[in-house]
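Before we start, here is the structure in question, set down as structure tokens.
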Amino acid sequence: MKTRATRQLVVIIAEEAIEGLLTTDVMRLGAHGYSVCEVRGQGSRGSRSGEWEAAKTVRIEVLCSPEVADAILDHVLTHYFRHYAVVAYTFEVGVLRPEKF
Amino acid sequence: MKTRATRQLVVIIAEEAIEGLLTTDVMRLGAHGYSVCEVRGQGSRGSRSGEWEAAKTVRIEVLCSPEVADAILDHVLTHYFRHYAVVAYTFEVGVLRPEKF
Amino acid sequence: MKTRATRQLVVIIAEEAIEGLLTTDVMRLGAHGYSVCEVRGQGSRGSRSGEWEAAKTVRIEVLCSPEVADAILDHVLTHYFRHYAVVAYTFEVGVLRPEKF
Amino acid sequence: MAFDPVPLFFVLGFLARLARSDLKIPGQLYEALSIYLLLAIGLKGGVELAKEPFFEVAPKAGVTFLLGVLIPLVAFPILTRLGRLPRPDAASIAGHYGSVSAVTFAVALDFLRAKNVPFEAYAPLFLVLLEIPGIIVGILLARMGNLQTVRWGPLAHEVLLGKSIVLLAGGLVVGWLAGPEKIAPLEPFYFVGFKGALSLFLLEMGLVAAGQIDALKRAGVFLTVFGVVMPLISATLGFIAAAIAGLSAGGAMLLATLAASASYIAAPAAMRIAVPEANPALSIGASLVVTFPFNILVGIPLYYFVSQQIIG
Amino acid sequence: MAFDPVPLFFVLGFLARLARSDLKIPGQLYEALSIYLLLAIGLKGGVELAKEPFFEVAPKAGVTFLLGVLIPLVAFPILTRLGRLPRPDAASIAGHYGSVSAVTFAVALDFLRAKNVPFEAYAPLFLVLLEIPGIIVGILLARMGNLQTVRWGPLAHEVLLGKSIVLLAGGLVVGWLAGPEKIAPLEPFYFVGFKGALSLFLLEMGLVAAGQIDALKRAGVFLTVFGVVMPLISATLGFIAAAIAGLSAGGAMLLATLAASASYIAAPAAMRIAVPEANPALSIGASLVVTFPFNILVGIPLYYFVSQQIIG
Amino acid sequence: MAFDPVPLFFVLGFLARLARSDLKIPGQLYEALSIYLLLAIGLKGGVELAKEPFFEVAPKAGVTFLLGVLIPLVAFPILTRLGRLPRPDAASIAGHYGSVSAVTFAVALDFLRAKNVPFEAYAPLFLVLLEIPGIIVGILLARMGNLQTVRWGPLAHEVLLGKSIVLLAGGLVVGWLAGPEKIAPLEPFYFVGFKGALSLFLLEMGLVAAGQIDALKRAGVFLTVFGVVMPLISATLGFIAAAIAGLSAGGAMLLATLAASASYIAAPAAMRIAVPEANPALSIGASLVVTFPFNILVGIPLYYFVSQQIIG
């Protein structure tokens, strides 16, 4: 298959209470966009069914440069991991229009 | 871990108005299936909250061969990138039952 | 970008009827969590619109060690592929707090 | 000539989907209406149940239960012998037809109310009693010979605590505990709005049913015919059971409708887990795409007509 | 002084979003209410249509249709000449203003009912007739010179089977087939609850409109002014058409409101596919953020006042 | 004996979830009902407020506000001293109990209406006034000593423009501006349907509360006891405040219920941002799994009984 420019995809799964904080931070740290979808799930803090306000979880995905990805992950690690239900991971993807991200 | 056959996962995030066009194209270009989920997000064209018809965004994922992945991405690049809110990326994944895709 | 510890992300797309079975199995096989989102889609068994009970599809993602990933995929292959609408794939991601998964 | 609007809503949804309109059902509206309808049916039945002496109701309930056991036993040989279907598919379909469709029942209720025909007002109890036995018999038929492979624990849980049973039976109990006077302030929400909510739900069912046309194609000619003939057989059995139980004409019509209706919620979910090798397209094609519209459009007026002839 | 609550709900939603409150619209509630309102409007109109002789309605329908063709033809030169907008944008916006907003119509209906003003009760038919021609004319304007590039097949499908047409026209047909007596039991759900559902929908529209403030910024001063002036021009054309068609004061007010309203559901969807190079922020900024609130808050009382002066 | 159906719906949901039924709440139905209930409460209060002279209401409002400040100050030492909870947890829980639960209030309203007990009809104003101060005091308690770390700007925004305040206060203003006559056509939707919508919401609350049983386990015995005793203390304070403010028996019962109720929407959201180190399982376990059912099932009849003894 064709060789394509690469970028990082960063995925953050977190309780919805901090969606606003996280997306603001993500944009401030240099991302040019993000997409959010609602999930339900289970983890070390028990089950989160999404049925009511405090049980909602979101999955935020951000396509960005490796530098921005590092900045986002470090920020999440320092500011949110301790007190919030958060999971984060990253991987490399081939993109169209790399200049967009 | 076990070595597995690989395929490409293509992800297209786009305004819902063209979901029908995109999924038809994807199947025509050789994919054998796709999965769609609704997202909200932000990008160069501003924020898309998903609250009403014109503000909806979908995330389409297609597991397919590298050739089909190329065909899909090129098609999206030529036909949709100019006028529509679209983001697309691809990466390699290990699959079960490779003959299915 | 920084080097990070890696884990596997396993994604299972399946009819909602077996969501409960699958998530129970996933946890039993050693995963420490999972996230589920609702999708609609198309595949070899036709279109699944998600509009009513029997047409619902879920996308389950599990961040886990390569061993657990193997166990999950093998289990899905043996127990669910034959009779159910199921798609599964896996890929490697960089994670924060690897000890969590 | 003036048509009853409720079935027209079904037709509207059906045609819209066939014509590939972009009209879509918000999935959660479907769920919300379904919760509402089940609760409303249960509540109303419960209020009425409170007025009946137990020994009046018990024998009728017993006959109803037996009817649920009988129907799949009748359907199964038809499906294996005439239809030459493999055992799991035949058993699963038999289970679907042994169980019931609450919305079909709701349309029949509405039909009788519109015509001011009296009926045993605790009829929703029959709905609860008929939902389960058919499913169990279907599973037994599928697993004959190796019954030890059935995981009865989870299955019983799945079937007895499925959402429709919980809402119907829960509504019955709430209605029964609260009684007519305390339920009265809930009337505008649950009873006055019932027909409207039902019409909206039928619009959605039309969309859903037409969306399963593919399943019908896979089901083929035999199952299409079965989807029309089986309700007629079951309705006949229903009328016989009603005669044995001594029901009024209205009650007999409701029992015949229940017998004739096929499940498209509880049975598919249970069969998917308990009989995974059965192809769900077959049972859904027959029950949802043929039998459901048949009952709504033709069956209910027919069963009503028959009930008036033989009992009314 | 007592305010009409319905527009106040819009203002509440608008201010809440402007103040960045976390009040959000469940997307499926928006969809559910929109399905409900369209069906209710259609049903009511259909019931009334059943009472009218065809030759009474046909000429009025013809005039209404022509009005839908005319408005975009008037809007287009204003947008290209005065606004110096590129052809695709001007054509797309013209199409939005040629088409209609069902919710604006619903508010006008409710306004007349509250004041007990009589009107041609089959007015929802006008709504159906006005939804489409404006969109088609807009697309033709965008594609003048290279009409062969338009894929008319899919477009006709998209426009004729769009969800609002299906629900409105479907409701009309169901209401017409069922007639007043059979529709009566649906009244509590579809008609008595109408104003409440409308109020909730307007709350949501307020949130949506304020959420599109950015689009208005991109649209700029010219389109903001256009969003206020164009409805006044269209309403005038609407009154002229009403006079030609010989409508009552109430009917004239409804036709003027329809003419003045701009589409924010059917037109955006159709234009996005048929004229992709048109920037959707421009048409949505003007139609949703300016014209919709203008009509709800100022236009409807104004058109009412005018209708009473010239006809009432 | 006839039971009030509204609490029975809660019990039904609670038992269904405990029994691990697959009955699920469509998330957006939950949101839709919650928007509806808050608006309906606000509207009704606003209509009544329009009838009251300002100087009548102002002192009662002042007393209510002080009550909201007082309750967390009483709860906090109990939680730190008796419960030996760390400061952030104690402060967060105190804030939850200082704030209120609108649904508990709705059940109390419905209880009084069913018994035809008169009350100060502008009581929803108390609900608005009590929602916020408790949360602020809770945050202050958590941050004592390093108040400069609190980001007051975003916090004020979060708390003052939270969805429940916007809907309640917005409903009050709309009701007040529109007045009784203009609100009348909204009655069937917002008021006649209220009890039914409330019953459905309580079914969902039962499912939600039972789903949080795990949280209660983490909360432990002390918080379980606290969840029953604290409402009794707060209700007592509420009765004292009512006596000072000179409320009627009905009004006193409502104020006691509000005082006794603990927030499970506004407070969790605010605390999560402002006091992230507080474990949300503790406050939710106590407020949602213990105090909410306690108030619905035992508290409201008890506060009513007491109000009749001391004032009625």
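By letter and in written order, the chains are A, B, C, D, E and F; residue numbering begins at 1 in each of them.
Simple rule for what comes next: a residue touches a chain if its C-beta (ideal position, glycine included) is under 8 Å from a C-beta of that chain, and two chains touch if they have at least 3 such contacts.
The structure displayed is predicted, hence computed values, not measured ones.
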item	value
Minimum number of chain-to-chain touching steps separating subunit B from subunit E	1
Shared chain contacts [subunit A and subunit B, defined touch]	C
Chain pair with more C-beta contacts, D-F versus C-D	D-F
Most distant chain from subunit C by Cα centroid	E
Distance from the mean Cα position of subunit D to that of subunit B, given in whole angstrom	40
Mean-CA-position distance for subunit C and subunit B (Å)	19
Whole-Å separation of chain centres (CA-atom averages), subunit A against subunit F	34
Where subunit A touches two or more other chains, by residue	37-38, 91
Residues of subunit D whose C-beta touches two or more other chains	22, 24, 26-28, 32, 188, 193, 269
Chain contact topology (line, ring, star, complete or other)	other
Complete list of chain pairs which touch one another	A-B, A-C, A-F, B-C, B-E, C-D, D-E, D-F, E-F
Touch list for subunit D against partner subunit C, complex	24-25, 27, 30, 204, 207-208, 211, 214-215, 264-265, 268-269, 272-273, 276-277, 280-281, 284
Residues of subunit F touching subunit E in the complex	26-28, 31-32, 35-36, 39, 43, 157-158, 161-163, 166-167, 170, 173-175, 177-179, 181-183, 185-186, 188-190, 193, 269
Subunit C to subunit D touching residues, read off their complex	15, 17-18, 21, 45-47, 49-56, 82-84
In the complex, subunit A residues that touch subunit C	8, 11, 13, 37-44, 57, 59, 66-67, 69-70, 73, 76-77, 81, 87-91
Complex interface listing, subunit C residues touching subunit A	1-2, 4, 7, 9, 23, 27, 32-37, 63, 91-97, 100
